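What follows is a pair of complexes built around subunit A, which joins subunit B in one and subunit C in the other.
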Partner chain A sequence: MPISSDRLRRALNPRTAVVVGSKKADGYMWLRNYSTFTGQLSSVQIDPNEIPGIEALGVKNYTSLLDVPGEVDYVMLAVPRPVAPRVLADCAKKGVGAVALFTSGFAETGEGEGIRLQDELLRIARDGDVALIGPNCMGLYNRRLGIRQSAEQGSGDAGDVGFISQSGTHAINFSLVGEQHGVRVSTSVSIGNAIVLDVPDYLDYLADDADTKVIAMYIEGVRDGPRFVRSLRRACSQKPVVVWKGGVTAAGARATASHTGALATSSAVFRAVLRQAGALAADSLEDTIDVVKALLYAKPATGRRMGLMAMTGGQSVVITDAFVTVGLDVPRLSGASYAELASFFNIIGGSYQNPLDMGGTIGFGGSAQTLGKLFAILDADPNVDAIAMEMAAGFLARRWQADPASLDGLLDSLVAHQQRSAKPFVTILQPQHVEEIVAQARRRMQERGLAVFPSFERAARALNRAIDYHRFRAGMDVP
Partner chain B sequence: MPISSDRLRRALNPRTAVVVGSKKADGYMWLRNYSTFTGQLSSVQIDPNEIPGIEALGVKNYTSLLDVPGEVDYVMLAVPRPVAPRVLADCAKKGVGAVALFTSGFAETGEGEGIRLQDELLRIARDGDVALIGPNCMGLYNRRLGIRQSAEQGSGDAGDVGFISQSGTHAINFSLVGEQHGVRVSTSVSIGNAIVLDVPDYLDYLADDADTKVIAMYIEGVRDGPRFVRSLRRACSQKPVVVWKGGVTAAGARATASHTGALATSSAVFRAVLRQAGALAADSLEDTIDVVKALLYAKPATGRRMGLMAMTGGQSVVITDAFVTVGLDVPRLSGASYAELASFFNIIGGSYQNPLDMGGTIGFGGSAQTLGKLFAILDADPNVDAIAMEMAAGFLARRWQADPASLDGLLDSLVAHQQRSAKPFVTILQPQHVEEIVAQARRRMQERGLAVFPSFERAARALNRAIDYHRFRAGMDVP
Partner chain C sequence: MTQAIIESARAQGRTLLTEIEAKQVLEEAGIRVSPARLAKTAGEAATIADGLGYPVVLKVVSPQITHKSDVGGVELDIASAADVRAAFDRIVAAARQHAPDATIDGVAVQRMEPPGIEVIVGMTKDPQFGPVLMFGLGGILVEVLKDVAFRVVPLTERDARQMIHEIKGYPLLEGYRGHDPADVAKLEQLVLQVSAFVEQHPEVAELDLNPVFAYKDGAIAVDARIVLADGA
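After this line comes the complex of A and B, so read on.
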């Protein structure tokens, strides 16, 4: 019997949580991960040598789960493999909301004992109606409630991206790298071997979750194909879903077998399934974050004609190549735009065919007023659906050092444009040679709601897929 | 008549240099760029208002180039467009080694006056036998001699990568971003409209230059196709040549026309030319730097079978996908390797099919000794031609904070392996969420001669093309 959506809502938004098996050897990892939990946190540990260390962390310890008073919404089980079935049976008896099983060494090992133990877990979970997350997983990250997969993850505020992951590493890295790029997780689940709760359960939940604006996932295989497709279609009709599939090559699929025991799926078939459902394919962690960022930060558009702004002639050439290569257009502007541009553009050292080469205009002593004019022209141009702007990091760094206020003025212009214009707007902050300043500037721009990408290629690929999704929702052709 | 190689050697290794037209309005840009010049630097400026500012920089000023005593090897001309022909004629009269013309506004504008002036420059250069670099260019960067294109560029030590660029921006960015990645320029020339000295001249020079181990270039078009191909073939027979072509799309080619006036070349034809000559194609600044890095840091190999090392199961899957997707193989290891691995690998939470999942072995309390065993096994395995290793940035950061000495021990193991093994070795330091630590760790690893890439995809793409070059040199098939 499937786990009800109410059960899952309770489990993924716990008011009470228990860690079973916390110990000094791993630095009380799970108690530390949950130290930011806003609800009631307890511990279950029978080893008397471990109990003082646990209580020193301010956490009340019990020697049996059945002794924990009141309702338990969420249990993290980190016990030795042979003990796992017995503690899972306790969870059933206690009627907990859900159990995440950190312990590994089950079917993913491919050896007899692991497979036998996994079968036993499955039987106990089914018989006892236990909502089991994992085994071989890092469980839940609920950012708002401070239930984390890693002590490096942020907490307290609400994010807006749901993440489902067959890998604990990728779940954690998505949240950590995502945060650097202005992409914050609402709810993330590391699902491991997913023997009870599986991708469709989490997908259905995130599709209905009000905090979650975009769903992304890392998956290695799908058990129940038709059910996966049904859930995916339903989710895509409500919000964008980005799918990063691991094991797309034969050798990669061999690696998935020993990782989570996932079965290989033909990658061509899988891509076709995604396209038909309206989901967006991603190739890597960075790529997943990029697409999510474009979906979150750039306004929706269904056209692919770019208006580009670059700082020099050399960048005008390569930004154009990058956007056209992924399938976007860089058309000539309208006659009206050219007439207006001709009235103030300096022909020496600055072209305005599209891209607009801003170097001679705003680069060296130019004004925010001129920049405002360029934005207004591209915004009004009927040949332009979306706008991308190069921010040269070296130029930005020099401005910052010389006159921080003028830099604020520049960012004000960008924000004003983004607020006024209905066209998606992305910026590219590069090259990455002044790393610290780039990181600072990126954070400031993101805080002000701007989409910032580290290369032309990544901006182009991300924006193009965001447009795919908006076309899908509009019932238009998607390649 | 072509410029002789002796002339070019003199011009690109100047002992005396003159800046014509330095002025306060641009912050004496060229005098500042040349402030690190190890030879004799002089100025020519006729405007009496500008002269005190120039002399305040400690540079002797003359009011005519003909007044500068002794031989002049290199002149940077930064004068208003209408004056350029007259000063170029002075350069001819003086018999200077070469002239770089920063001034723009010539044929690249597409308008009559610019085209007329460019024709006049060409006539004067031809009649007066002037080795002209540009116009519309940033001229020479000779790192060792401290002649720079930007005051941000390093100087004093010798680099080992030659760079030819039809864009000043890309020339400067290649050197700045390259330096962050352990790729240092020997000689770089921003060639602009290239009306006299053109790509083949610089290519011939760099092919013969002893400092230069790898040549890279950014070009938008080729004037004399057969001559370009001859020079490219000759260079490729001596050292690797990486070519980043701008304007590969129709819209990108339109942008090149207003940038340097370059003619469009079919991108399929161009790729074929590169492949036949043995040159390597690159797609972007980062991509160019990546390939150069693989050529400089990784030992040569002609086989494509990878031995992979990752920190977790999730990374094992996606590192495999990344390497296989670009055309490398991730085969099963030999029976002898598996027998040895089985003797110490912990089957729970760590697979060793290939990739070796090091998490359970070295990740958590494992030793440098175990790492040494893994290296020795892959090094001896007859199924493995090259080795790639994930360095998890978060893991590294925690080690660094907890115990800097143990981190040194880890790096020692890597360096010892690289020195002992004849197989190319690349590392991937990611994810990029602890940016400062990643940047520091990358620098330390590079200083010790290790090839460090920021993502699996970039490592795989770069290594694969380095192997292409070594196969070309060995007379083997290249796709």
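After this line comes the complex of A and C, so read on.
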């Protein structure tokens, strides 16, 4: 009995929400997480000692879910384990849109009572046709509507990345760390034990969600392999899907068993499933954010030939190694490009074979006019599909700090290039010894729509996989 | 024929098809195999060998003997009818001596295929994703280096192509140091045929074509193993 897409749309875009079991001991966590909710928020709590604290937050409390007037689209259930089935039955009676069950201690414990209670939840949800998220989860984050998994998450505007997570921690970290890197969540669901709503349900929804441009997920295992493959294929035919799989080592797989009770499939088979569907594999939080960033910010391309730009000779060498190592090409430029470069490029302490070792030519800080000429040459060069530029933060960050206009001027050139060019463009801003200044510079670059990576390797790996996806969509071979 | 073979194996309580049966089943699915015929006597073996053309290979056929060469049950590169008769007798005697309790059905006679680049194609069932095909280079490359690629059934043409290109040893298939390249298009076709076969036969639990000899103009499965699912 799958939950219909209309039901899920209502549940993940609620206009009314109720928190059941909010309490002082956890600082009224769920009511605070939902303090930014744009719809009608209510509370259900029967303990008279807790009610004054809830009402002090300006939230109307009821002593039964059935007393809450009108329709309820979304319920966050944070009640003690033994009570969960009874409150879930109330949710069924009330006909709520969806229930997220924060409470843990079910089948993931492997202990008899937990398994029994989970079976009971499943039976109540099936009999009552309840769209259940979890148990053992942090529920929904809808950024636009201000329904959050953590009070640190942003709200009020729509993001562009959908996230599905078998871990509440990773769901929250993806949104918080992602935001620092210009990757903002549209809708994220922490799915917990996923006994009713499972990865394919959320995947189908996010594939159709207009706000969501890219889908990412953290999963430890799959319950129904063929159904997962069907949904993944369908989603990948509409938008990129990045899959971060936990438990890829034998010891890690043992940990997943106690975390979410996931069954182990060999990681080689799982990777094959991803490749066949056109999904991109990622192996950490940072890696997931990197790939999503490349997909969001860099323009689509199917070619792998890089035009590289660096400020010094040493960086020119290692940026080349990094990009070639992941499978990208760094070819010689066209004769026309070389002829033009020969007319003005400063080859004393520089070179323009590709990479362009351009510090001396653009006057290090960046002569906008000369930099613009270099961009135009690479943009026009038929041997170049994508462009990456090293920012020399180690040498320049203090100057940017002392004279912010110098960074703005440089960024003007980069943004002008990115707007003009159809080729993907990524930048590398290494933290070096000036991490704090670089963090600020990174934010300014992200605000201006540039894809910024902290190392050559991360830029190369991320861009390479974005190209994999665009090749897949174009029906081309991927390796 | 395929159905009859499967039913007769089940009727005998076997899940493992003999090499001869496995090859008949695969041949019917359009997969090129080096055919093997069962000889019950030395004379039959010589007649079959004359029909197949020399040189030939003889292998003991017994449901109890899985590691045939360990019991002296395999002889290669036999060039004449007289040698076939002698080899038949040696194999049967060696098998009786090493495995006195085994039932010996006879000896399989097959052509000794000219050497090519050895590859393997296999299928196992994943508990969550169902049948999964494996492709790799044969011999020590698969055993020691685990240089194999996987794809879930059914495969598309792109899957088959990418799977073969994915193995690290791929350059060996392109020909190296004057060796002939492998007919990669034929290998892709073989992988797709196995995918289709597996899809049509859910009763097959495991399949191994090991080795397959890849030539510059074709590929042939030299040995084949099929295991059926229990019951049903």
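To be clear about the criterion, the second predicted complex is superposed on the first by the 469 of 479 C-alpha atoms of A that agree within 3 Å, B and C clash if a C-alpha of one lies under 4 Å from a C-alpha of the other, contacts with A are read in each partner's own complex, and residues count from 1 in each chain.
Note that in this section a contact is a pair of C-beta atoms (placed from the backbone, for glycine too) under 8 Å apart; a residue touches a chain by one contact, two chains touch by 3 or more.
A quick note: this is a predicted structure, and the numbers were derived from the prediction, not measured.
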Which superposed partner A:226 touches (first subunit B, second subunit C, both, neither): second
Touched partner set for A:80, first subunit B, second subunit C, both or neither: neither
Contacts of A:404 with subunit B and subunit C, given as first, second, both or neither: neither
Subunit B versus subunit C as contact partner of A:382, first or second or both or neither: neither
Broader residue contact with subunit A after superposition on the shared chain, subunit B or subunit C: B
Subunit B versus subunit C as contact partner of A:479, first or second or both or neither: second
Contacts of A:285 with subunit B and subunit C, given as first, second, both or neither: first
First (subunit B), second (subunit C), both or neither touched by A:218: first
Subunit B and subunit C footprints on subunit A, overlapping residues: none
Subunit A-facing residues of subunit C, complex: 126-130, 132, 148-152, 155-156, 158-159, 161-162, 165-166
Subunit C-facing residues of subunit A, complex: 221-226, 229, 263, 265-266, 268-269, 271-273, 275-276, 475, 477-479
Interface residues, subunit B side, partner subunit A - complex: 81, 104-105, 108-109, 111, 114, 152, 165-170, 173, 176-177, 179-180, 218, 220, 246-252, 254-256, 258-260, 283-286, 311-318, 320-322, 324-325, 329-331, 347-349, 351, 353, 355, 357, 394, 431-433, 435-436, 439, 455-457
